[in-house]
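Structure in structure tokens, see below.
Order of writing sets the labels: A, B, C and D. Residues in every chain begin at 1.
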């Protein structure tokens, strides 16, 4: 439970930054879905660091291996074990990190909780763990491609520091053209200069990621505790460094009046329900409406910075620490494919849950 | 699973707005804790609507009954069944609501998912469900009072619409003196006039609630999926009408640099670790640091408003709807004790989980 | 988790023998199923004690109330809360039982585990808890009646002490004609005299219950851990006083050779697979074959007997104890409807799980 | 959930007979426990087939690799990933098995459930899956060695076909001296001849395994659904080919009277409770008494036999099948270390659960 998520489509991840490998077990996958490494690898390639100067220079091929759960290129319904070998574990002296706690890192809490920790590359708290989620998301996407082919999940970076994108300029094609997943070419330009400055000064900055899923069938979720939005919130909050999660209007819903907020309903040209707006982010009462699912999350700035920070040692003395190494000036950039993967897993999980509980007993309109 | 939360301290709620009763089963409660209705009722009384003109005028005594799990005033370790009778179910004509979908409500999603719904008072999606959570939170508080007596959980309303509180004026005593749980007397004044206007015009508005837990032991939570923050995010997002959840700096973390964000560590006068700030909201790497836990959530404006809104009927015709009835101009007000209750349940759950996995093997500093 | 069973169709029970009530919450029930108290009460009536001199003389109407989860006589998909009031809690002096531990009872283990216990009528360990399961089983049967109407679940007592039934004489109609659920009229006669003797001498005896489910669709279950047989074994072993569980040939499978044991397969007149025998009890590799599900369980003799037994007190002194009160000479008799209920819940749970994971992707033969 | 077991100490297994590897993820392991491959390998070596002519001649080194969750030879509290490579997958023609269903095997149910199956060596239903459990059991034993060093878990084969051991001759040392795990040297002799005959005639036979855990602390388990015995029953029933599970007196409890069955209690020389007998198998009301835990399970005869059996093909024609290959005449023999491993996992899981819910609030006697 500590390292699993999902109800029916259940993912258990394992692995540390500098162990021999990391991976996950995907349980509850429907059978008869075409699946090979080639269906998963592209998502890992998209997440892979070292592809621009704005992400960590750690070079990992992140080649995924399917160790179980498929036969002749199809899922069999049994657990799918995915493994990614760690190859770029530079031999490095971790004695500094082992002796002191880096501010903003999990060093101190792991120590206080477990009495020991693996200091190499952050151990389990490394962003490398997200590779396993992206791999699991690849499986989820393959299944969605078969069970709900209209579903399309895309993410974008919508803010770095004080610099948001211009939503009027949103262009999904642009997202793939710049190293930031920015839907706005101008913002990407601004960010380039801004991040170059931060990188040179050994600083870092936070970001906001937005994930949108189109084509989600209505009726996914449940009224109170396995809500589609609460499961999404949990899934996104489990990503390293995330400090806030929003659905639809999000925190800004607090500033709306009832007349502004409630999305009016009418009948579309195809005879099915349409909404005048999407403050709900595609979810009402914990259940999908059929509108786009819209989720956002804030990623804090990387805590590994070159500026010296006050801290303490394991033995209780005050000291200063500088975190050298291969770090991202804005770790939020790499979180985009991770957020997409979590969205894919949550949607599929709820699709299976809904099919299990309700089957085809759902309601029609008209 | 659909209606349960928690790993070891597990709460399953049930009940609709206009059924005979609602309640919950609290499983996994430690034995030997003093517990009677008198320990739970005050929290329900604080949540109860109808106490000011700013919350729904529905009058319910919300008297809790303990049906199992205690003997001679002590918990026995067996499941605690809590029941609250519904007494103020006004006979009312629900045919309008049954035939059409109120914008912003769960009407349409329940219909699409289940093929039928209980239209009386919103059925399961009613804010009345939160009474069960508050009752469960009362049990959690009683247990925390014994196992972690330093824990103190308090909530406040920190924003209504465009009107935030002045954090420099924060006064916990004030919270109990105004009908808004405002920590700032001036904000309460502002809100009084603002909400009176909204109420008269049949409109509503959103709000932000902040919950702070002091005295939380370090080491609660887990690195990746049963994170203290992801469990909190899920728990708070399950509350009706919540659209965003933040931990510590929250969404604003995106606008901070690494030097601003990372809370520096030093040794306090008592020889234990202290932090120069609390952007982390008391959680690093999913595990509590010993600082105050700080969580916030945005509650959207009540969708039940007197202004006519466009909508559709079950049979697919376009129409207009006005939601009459006893509704809150700002449902966020009543969410404060609910957020406190969820915080209490999550903290206790993680306290028990930590005790189970780690016992007293945690680390010391110095 | 301590008091719940099932994956998707999930039942959480609560309540003690002498508290105000007991009951359960049934979560994950499909929507749109006709359900009222009248669908559940007959199963409770069948289980009710006090109907013959061979079961405890405690008189409880065991009237079930549905407190949530239905609207206009149909399930809504939200949690169904079922409550049964305890009405026949005789005022009695429990000081003996509170001070000493009855051999064979849970008194000593509850004390050692929890540090306290509710001594009134056995508290949570009372066979009264099974009323909640039978009520949940009534819900499961109502759903199965809609989703898998061919399923028919029946139980019988197949052994009391040294006296088994004659399987050659098996007659399901006879089961309803005698107070023992015996499928063999002669065995019922034998048992009458045998139990009268035991009852008069203040002794008790064990029994074996057999539950058979016909019409179970093939494909329910999973290969390794959510096996249909392992879930059945767990479910039946949770019934009070059960010490052994068998599927198909059961323990006797150890005495068979491979040629004797493996059920040969052929094509039936209707073109679908048939088996020459059913040593498998309808389950191969954890998954249903389409044959009858056959499960058996042994119920130990009631430990509450009038013969004095050596025991110890809470303070550690040796003593003797006699358990007076309204006890069954053969508690196994009342376990028949309980076993049926557990079978119904497990089958429905796996039907929903299978629908969730696999949908209609299962294989055909021919 | 389909491939996981345990509540807090949670094991998820994966892998097929003829895939590249199999393994498991062990989640919830306490930190700070010394653990390396050398702690796990001996248990795998004991289980390994091919060590006598009475088990399959498949030769696998079954070398376990720890891929995560330890640092400098100690568990860190993060998930432990264990992998065992499959090395002896003989290239073989599986077209027969792919086209027909072997009686007694999971072939037909996998096909009906999933629409496809991996026919190579039984795929997921292969007994090779149990290697992963034995590895997990090795982790559990390492933790028990630290948290409950008095616990000693041992298993024995107590029956093959019509030939039980003589319990009067029980000798634990003998268990390690013969290839059957027989505690009775004479029985081992009898079995040698009996199995040689079966093997030569291409037949097989069932067996009964008994697992005994000494030194289990009292208080583990829970009253109704997470009972120690129901969790044991489930765990043991998940082992391939198991058809019956017993605790203490087991099915024979049905033949006992109350005076015979209830274990009387007295005070031992050391002042703690003792019992005159152990019909309860160390569990009362779902909770451990402190006596030896005693569980037994029946393993059906291998269905892979050389005698031709009637069956059908995937396309629905009747045919005959002979299962050639490297099979065990008595697969029960290899189940002994598997049963021990499951017992170890269940005990540790309940130890952690108990520590989580109750801590040190348990009761004392005297």
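Assume a contact is a pair of C-beta atoms (placed from the backbone, for glycine too) under 8 Å apart; a residue touches a chain by one contact, two chains touch by 3 or more.
In this text the structure is predicted, and so the values were computed from the model without any measurement.
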item: Pair joined by more contacting C-beta pairs (C-D or B-D); value: C-D
item: Equivalent of B-C within the choices A-D, A-B or A-C, defined by over half of its residue contact pairs recurring; value: A-D
item: Centre-to-centre distance between chain D and chain C (centres being mean Cα positions), rounded to whole Å; value: 26
item: Approximate Å spacing (C-alpha centroids) for the pair chain B, chain D; value: 45
item: Residues of chain A whose C-beta touches two or more other chains; value: 1-4, 7-8, 13, 28, 31-32, 77-78, 110, 113-116, 124, 223, 357-358, 361
item: List of chain D residues in touch with chain C within their complex; value: 1-5, 7, 13, 101-106, 108-116, 124-125, 129, 159-162, 198, 203-208, 218-227, 229-231, 233-238, 240, 243-267, 271, 273, 276, 279-281, 283-290, 296, 298-305, 307, 309-312, 314-318, 332, 354, 357-358, 361-363, 365-366
item: Chain B to chain C touching residues, read off their complex; value: 1-4, 7-8, 10, 12-16, 19-23, 25, 27-28, 31-32, 65, 67-69, 71, 74, 76-81, 83, 110, 113-118, 120, 123-124
item: Of chain D, residues touching chain B in the complex; value: 8, 28-32, 77-78, 147, 223, 352-353, 355-359, 361
